[in-house]
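Handing you this structure, nothing more for now.
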C-alpha cells in the first residue's frame, strides 16, 4: 500500500472511498428495484444514503483545502478491493436482507481496517488523528450493521432457487 | 351474465403473475400439463418484463373442453403471488366484472386491474406456503386454481411427481402439501369457475409448442441438416432440434451468422440432404440474397421465420405478422419461391412438413411464416395425424450423356444429379444460365429459365391444403397464420347470434392460387381482411393478387397485443352491417 | 418507306461491332461526343461478350435532332470491323429492309443479320487504315459513319484533338487522316442517312451517363459521405463520385462489403452528414436489415440501386426492372420508407437529388431505383435545371430540457439533435422505443411510433414531381423508370396515327399517392402497365395500392432486351382496341 | 497525471450515467464495465455531448442507453461500421463502440478484422463472457470448445476458439489490451489509455455472465496482471500472445501504426466545377 | 507418392477439364491455377464425380465450370459456408472451395476466419491478385496501401493490408501454404498436399491480374521458395510469418488440429421416439 502522508491526501482517499460506496449501493438498490426485490432495495438505498452523507460531510470538511485529484486506478489500497465497496458481482436478484447485510458488513470492516492502517502508519499526526476518528466511526457502522443483520434469518439452502428460466430478449 | 357462465363452463382463462423467483411460469406449465392429463385442452403463453432475470412475469392460460388456439376476450382468474410492476400486464390481461382477482392478504391489487370491476379475493398465500416445510407460494397458487375450476388434484399430483423427481421426494411431498392446502383455502369460491370435465378422456393428447411442432414437422418431412444462428423467438425451435436431429442421425450446426447458415443449407442440399433453418425478421433479411441463390440454382431449402414485432430489432419477444412482405417480395430480381404459413400450434407441424416436401419436390426455397405467438405458445392438442409428405426430390440417379441440370420442358422440375453420380457433373449457378448450367445472358435462356422457375411452382397441384375454408356466409373474413384463431372464435360468437361468416385462411401464400381463391369466394359480397400488422400487408397482398369486384376491408392491428375475438366480432358487425 | 425516311432525318441509329482491341467503344464515344458538339442529341449503350478482355463488343448509338432516351425499333446502320461472334448481338441490334450493313471487303456478314433483308456494303476498312501511318480501322469507321449521316467532320476532328492529346500529335494526325479517308469511301451512300442538322445550335448540352448524373444529383443534394462496395452496374457511379466528393470536401470510403457500407452511412448520417451508397440487387439484398434500422432509428440515408438482371447473380451487365419488389417490400416488419425512380438519364440527377432532400427532410431511408440502362447509357442531353432541393434536416440546434428524440405529434418529423449538442443526449435505437428513445414493448408506444414513421411520409406534400403525366386519352399506359422512354416514343408513333394515350409514370413509388393517382386516372377506362420484369411486379404493385374499377392489363417483359417502342404500340393497339 | 482539479465544476463518474436502469442480471459483469466507462470519461473530463457510444445487440450492447452521452443501439454485429462512418465524418467526437463477444466476433467478425485494418481513431470495448447472454446461453466464438451447456452445441462447439487479441494484432489494431470487470478501476484506466491512444484501440473486458456461465464468478481468482509493460513492437506483442493464458490483464500493445484520417471538410460545392466535365464545348 | 499405376485407365489432367472456355483475359494467372487443379486431381486420381469445387463471384470464382467435376458458383463471399454444409453432410466427397482475394478476404472475411476455426476437412484455394478483377480494378484487402490506381481509392487504401496466412494460422486452419501461378506444377503439388491433409487447408496462390495490375507480371521474379520445411508447431509457423515478405512459396504449416467431423448418418426416424416427449400420459 502506498503511504498516505497528508490530510489532503487522506481526505481525497476517504472521499473516493465514500463516493465509490455511494455509487455501488445506489446501483445495487436500483438492481433490486428493477428485479422486484424491494426489501433488499430499501436496504441498499439506506446504505447509499448513509455513504453519501459521509461523502458530503467529507466535502464540507475538505472545504477550502485543495485535494489532489487522483484517478480511481491510482488509489492504492494494497491488495484489497476498495474498502467499503461491495464487489459488483456479489449481488443476486433473489438475495435476502441477511446476505445483503453480510456483504455490507464485510465492506465496512474493510473500511475500518483501512483507516486503522492509515492511523497506525507514518503520515503526519493530524492525518493520523483524522484517520483514527474515521476508523472509530466505521467501527460503529460495523456494529450497527451487525445488529441490523441479526433481525433477519440467514437464507435457507435453496434461497436462489428460481424454478423459471431466464428471459431472452433480443 | 348467464352467457358468461356458459362460456366459463367450457373454457376458463387464468393469468398467474409474480416476480422472478416466484415460479409462475413453472406453475403455469404444471397447470397446463395437469389439465391435459385430465383430458382438457389448453394453451399457455408468457409475458415478462424487460429484465433478463428477476422481473415481473405472467403465465396466461386458457383451459377448455374443446381445442383452443387463442386467448379469450377476458380472463376469468387473475392470481398474483406479488403485484410488483404487475400493471405492465394490464393490456395483456383484460378483465371483466365476472373476473376474480386473487392476491396476497393485505397486498392491494393495482388499480389498473380493479378498475375493471372484477371481484377480489385475498388469500394468505405466503403463510399457507410457510406452513409446509419447503413450501412455495406458486404451488399454493396451483391448488387454489384447481379448486376454483374444479380440476381434480390427482393429475396435478402426478405432474409434480414426474417433474420434481430429480429434486427428491421431499420436494414432491412439500409441493403436494402446498397444492392441497391451497385448494382447501378457496372457501365459498370453490368451483365457482367450474369447467365441465367430460368423463370420456381424450386419449391421445400432446403438450407441445409451435416451435417444437415445427421442429418435429421438419424431421418428419426429412430434414437432417440444420444450420442456424440463435434469435428470439426462433431459438427454441433450434434448441429442440439439436438433440432431436441426433436421434435420427442428422445434425444441427451453430453458424457464425445467418449469411453462413443459409449458405450451409444450400451446400448440404446440393449434396442431397433436406435442410432447414429457423430465424426471425432480422435474420431473414440477412438471408434474402442467398435465398435468391437457392431459387436461381434450384436448390431446395426451407427457412422458418418465427416473426416478431418489427421493424428493425423491433419487439423481439412479441408477436406480429409483419414479415409477410419480405417473405413474399423480399428477394431481388424475379425469384418465384414458396411461402407458407401455419395457422395453429398443431399446424406448425403440418405446414413445416409440407413446406419441406414442396421445397424438395419443386427444387426451390420455401419460407415458412410462423410467429412468436404460435411458436412460443404451449398447447394441449390432439395428436396431429401422420401425413405422407416426405422429401421426394427428383434425382438423376444414373449416369446420363449430355445431362442438363436445368433442362426445360415438362413440368419445369428437372432431375437433379447429386455429386457422386458419374457422368452428370455440372456447375450449379446463380448467374442466369443455359439449360446446361453454363452462364448465359441471352434473352431466350433468361426467358426460358424464368418461365421454368415460375411454371414449376404455378403448375403444381397443391390440393386442398392451400387454405382453410369454413362457413357459408356472404360475408367473408380472410385472414392468415395466428390471426385465424381469434377469427374462428369470432365466428363461433357470431354463430350464436345466428350469423354465419365465411372464413378463408390461405396456408399457401406463394405461389398464389387465383382459381382456388375465386372458388372459395364464390357468392361473397364483402370481405374483411384481418391481420396483425400496421401496414395492412396481407390486405395489400390480396389486392395485388386476388383483386375482386367488391372492395376488401382491412382490419390491421399491429402487435404486441393479440387480436381478441370480440374485436373481430365488433369489426364484422360494423362492416358486415349485421 | 417514306415514313422511315422521315424518321431517319430526325433520328439515326448506328451500331458499331468489333472484337476487343478493335476500339468500337472508343469510336462510339467519339461519335457521340462529336454529334453533341454538332448540336445533336443522342445516346450510346454498350454490349459485350462474357470475356473480360478481347471479346466481341458493340457500341449502339442513336443520334437525333430531338432529345432521345431509348433506342429505336430498328438500327439504320450496322458497321462491323470484324464479324467474330457478332451474331450474339442479333437480338440487341434489330435491322430492317432499310438498314445498311457495312463490313470488311470479302468478310461475309452473318446470316443472322442479312436475314433481315438489310442492304449490305463492303468496304476495305483494313486497307484504308493501312494507308495511313498508325492508322486504325475504328477511326476509318468513324469517317464512314459521319459521311453516311452527313455529320460534318470538324467536330469530330476537335474531339480527336482533345481526346488523343496525351498520345501526341502523330496519333491525332493519323486518326484525322483515317476519319477523312473513311468519309471519302462511302461513295453513293454518302448522306444516305442524312440527319437534318438544325442551324441554331443547342448551346448548353451535356454528355453524361445516368450513373454520373445520379452522382452529381447526390452532391447537389448535399451528400458528402459515400461508403460503398463495388458492383456492376453501379460501380461507375461510385467511381465518378470518389474524386468528385473530394472537390467538395467530402469522402468516399470503399467498405469491406454492403453490410458495412450501409452501416457506415447510418453512422455518418447520425453525425449530421447526408450520406448515400450505390449498389445493385445482390448488394441491396444484403442491406435491407440495416435499411430497416435507418427507418426505425429515423436516420436519413439514400441507397441507389442500379438494377440489373435477376434473380441472384443474374445478368449483371444487363438491365431489368425486377428489384421493384425488394425496394418496396423488402424490409422486415412495417418499415415505411421512400422509393423513387428516375425515368431518364437526365432524371437520374433530379430524382437522386430529390431523394436526398426527402430522406433528410423526412428522416428516413430512401431507395432510388435506377437501372443498368439508365446508369450506363451515355447521352447528350440539355443541361438539367438547377433545383432547390438540398438536404434540410430538422435539427435540434439548442440545448433542451427533457429532449425527446422521437417525440410524437406534429407532422411526425421530430427535430434530431446531433452529437455535440449539449443537453440533448439520447440513444438512437432500432428496438421499438418510447418517445425518449428508451426501448419499450408497450402497445401504445409501438402504435405511436409506427404511426409517426408512417404519417410523416404519408402527410408530406410531394407536389407534382410525384409522377410524369402526359397525354389525354382514355386509355392509359402506366409505366416507370427506364420503360418510360419507349412508351413515350410509342405515344409519338400513335399520335401520328391520330391516337392519343395518357402516360402516367410515377417517380415516387413509395409512399403511394392514391389521391394524385386517382386524379391522374380521371376519365381513364383502361390501362396497360408496361415494365421490364418477368413477374409483372409493377402491375401487382399498382393493383395492391391503386385498385381501380377497371382491370389493369400487363405488358411485362424481362431483360436483357430493352422494350422497343413498336412493341408497346402493338400491345396498345391490341389491348386499347384501337 | 491529472490536469484537472476537483473543483465543483468537474464532472464526476455519475454525471456520465443516464437515468435508465439496466435490464442486466444483478451480479453481471457489465455493471462494472458501465462503471469503468463513467470513471474513464470522468478521468478524461470528456464533454458528455461530444462522446458517442455505439453498440450492436446483446446484453452488453445495451450499454449506450445507460450513459449520459450520445448513443446508437444499432443492429446485431454492425456497430463498428456505424462507428467508422461517424468518426470519419465527425473527427471532433470521441467515438466508442461497445458490445459482446457474439456481436463482435461471430456475426460481426469481419467488421472487427476490417476495423482493425482501417485503424480509425476510436475505441472498441468488448465485454467478453464467452457466451450469448441475450439469447439464453449459446456458445460464442470465445467459448471453450468443450463447454457442453450451450443448447445448440450439446457436445461442445468442438472448434477452435477465437483469440480476439491475436486477430486484433494481426489485423492492425493500434492499441490492444485486456481488462477484467472484477477491477473496474483498472478497466477504467485501460479504457482511458485506449481512448487517448491514436488509431483503433481494442479492449477486451472479461465480464462474467453469472446467469449462463455462473462458473465465471471464479474468474476473479484466475485473472492476473500482465507481467510486462505494453510494447510498440508487433512482433514482441505477438510473441507474448503465444504464451497467453487468456487471463492476463493489462495493455499488450500500443502501436505506432498510422491512423486512417482522410480529410473531411464538407463545402457547398461549386457546382460549376463538377459540371465542366459534362459540358459540351460546342 | 502415387498408388495408382499409370495404366491407360488412369485419368489425365485434361480429363478434369470441362468443355467450357474460360472468360479470362489471356495471360491471366488463373489459367495456370486451373491447370494446377487438374494436375492435382490427376495426381490423386480423384473420381471427377466425387469432387465438388465451390466458388463465389469474381474472375477467379469462375473456375468450377471449367472443371469436369461437380461445381457450385454461389454468391459473392459465401462459398465457404456452402462448402462446409456440403462436406459435413457428404463426408464421402472431396470438397474444394476456390475464389479471389476480394471474395474471400473482404466480403467473405468472416467466413474465412470461422472456417479456419471450424477446421472441416476441405481445401480452400484463393487466387490472390490483390485486386478486384471482375469489377474492373478496385483495391482488395491484400492490396498495398499505397496503390493509387484503384478508382475508389485514388490515394491508395491507406489501410493495413490483410495477411491471409497470419489470419489462417491465428484462426485454426490446419494446413497453410502459398503457391504461385508462375509454377503450376508447384501449385499442383501444394494443392495435392492440401487436399490430402486432414482438416481445413488453406492455399494462397499468387495469381496476377494482368489487366488491372500489369506490374504483377514481375511477380515471377520476386517469388522465392520457402527456406524451410513445413512445421506442425503453430508457434514456429507464427515466427516464420513475422519475417514473411509475402512472396515465399511453399507449405508453411501442417498442423495436427482435430478436424470437425460430427457424426452424420441420416436415418428415417422412429417418429415414435421423438413423439414420446410430447405425449400426455393421461
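Each chain carries a letter (A, B, C, D and E) given by its place in the written order, and its residues are counted from 1.
As a convention for this text, contacts are C-beta pairs under 8 Å (C-beta built on N, C-alpha and C of every residue); 3 or more make two chains touch, one makes a residue touch a chain.
As the structure is a computational prediction, the values presented were derived from the model and not from experiment.
Participant: By that same contact rule, can you tell me which chains touch chain D and chain E alike?
Facilitator: Chains that touch both chain D and chain E, as defined above, are B, C.
Participant: Counting only C-alpha atoms to place each centre, which chain is farthest from chain C?
Facilitator: It is A.
Participant: With chain centres defined as mean CA positions, report which chain is farthest from chain E.
Facilitator: For chain E, the chain whose C-alpha mean is farthest off is A.
Participant: Between C-D and A-D, which chain pair is linked by more C-beta pairs in contact?
Facilitator: C-D
Participant: In whole angstrom, what separates the CA-based centres of chain A and chain C?
Facilitator: The answer is 68 Å.
Participant: Could you tell me the distance, in whole angstrom, between the mean C-alpha positions of chain A and chain B?
Facilitator: Each chain's C-alpha centroid was found; their separation is 50 Å.
Participant: So what's the Cα centroid distance for chain C and chain E, whole Å?
Facilitator: 38
Participant: Rounded to a whole Å, what is the gap between the Cα centroids of chain A and chain E?
Facilitator: Taking the mean C-alpha position of each chain, the two centres sit 58 Å apart.
Participant: If you look at chain E, which of its residues touch at least two other chains?
Facilitator: Chain E, residues with two or more chain partners: 73, 75, 106-107, 109-110, 114, 141, 262.
Participant: Listing for chain A: what residues touch at least two other chains?
Facilitator: Answer for chain A, listing residues that touch two or more other chains: 34-35, 93, 165-166, 168-170.
Participant: So which bits of chain C are touching at least two other chains?
Facilitator: 50, 246, 256-257, 282, 289, 292-293, 297, 312-313, 429-431, 439, in rising order.
Participant: For this structure, give each pair of chains that are touching.
Facilitator: A-B, A-D, B-C, B-D, B-E, C-D, C-E, D-E
Participant: Considering the complex alone, what residue numbers of chain D touch chain B?
Facilitator: Contacts found on chain D: 23-26, 57, 59, 73, 75-77, 106-107, 109, 132-136, 138-139, 141, 150-154, 157, 211.
Participant: Where on chain B is chain E touching in the complex?
Facilitator: My answer: residues 33, 36-39, 155, 201-208, 212, 216, 219-220, 224-225, 227, 244, 246-251, 253, 255-257, 259-261, 263-273, 275, 289-290, 292-293, 297, 380, 383, 386, 417, 419-431, 437-439.
Participant: What residues of chain E sit close enough to touch chain B in their complex?
Facilitator: 18, 20, 47-52, 54, 64-65, 68-75, 78, 81-90, 92-93, 110-111, 114, 262-269, 271, 273-275, 278-282
Participant: Mind pulling up the chain A residues that touch chain D in the complex?
Facilitator: Chain A reaches chain D through residues 12, 19, 23-24, 27-28, 30-35, 66-67, 69-75, 82, 87-93, 95, 165-166, 168-170.
Participant: Which part of chain B faces chain A closely enough to touch in the complex?
Facilitator: Against chain A, the touching part of chain B is residues 19-26, 48-57, 82, 84-85, 134, 136, 138, 232-233, 235, 313, 316-317.
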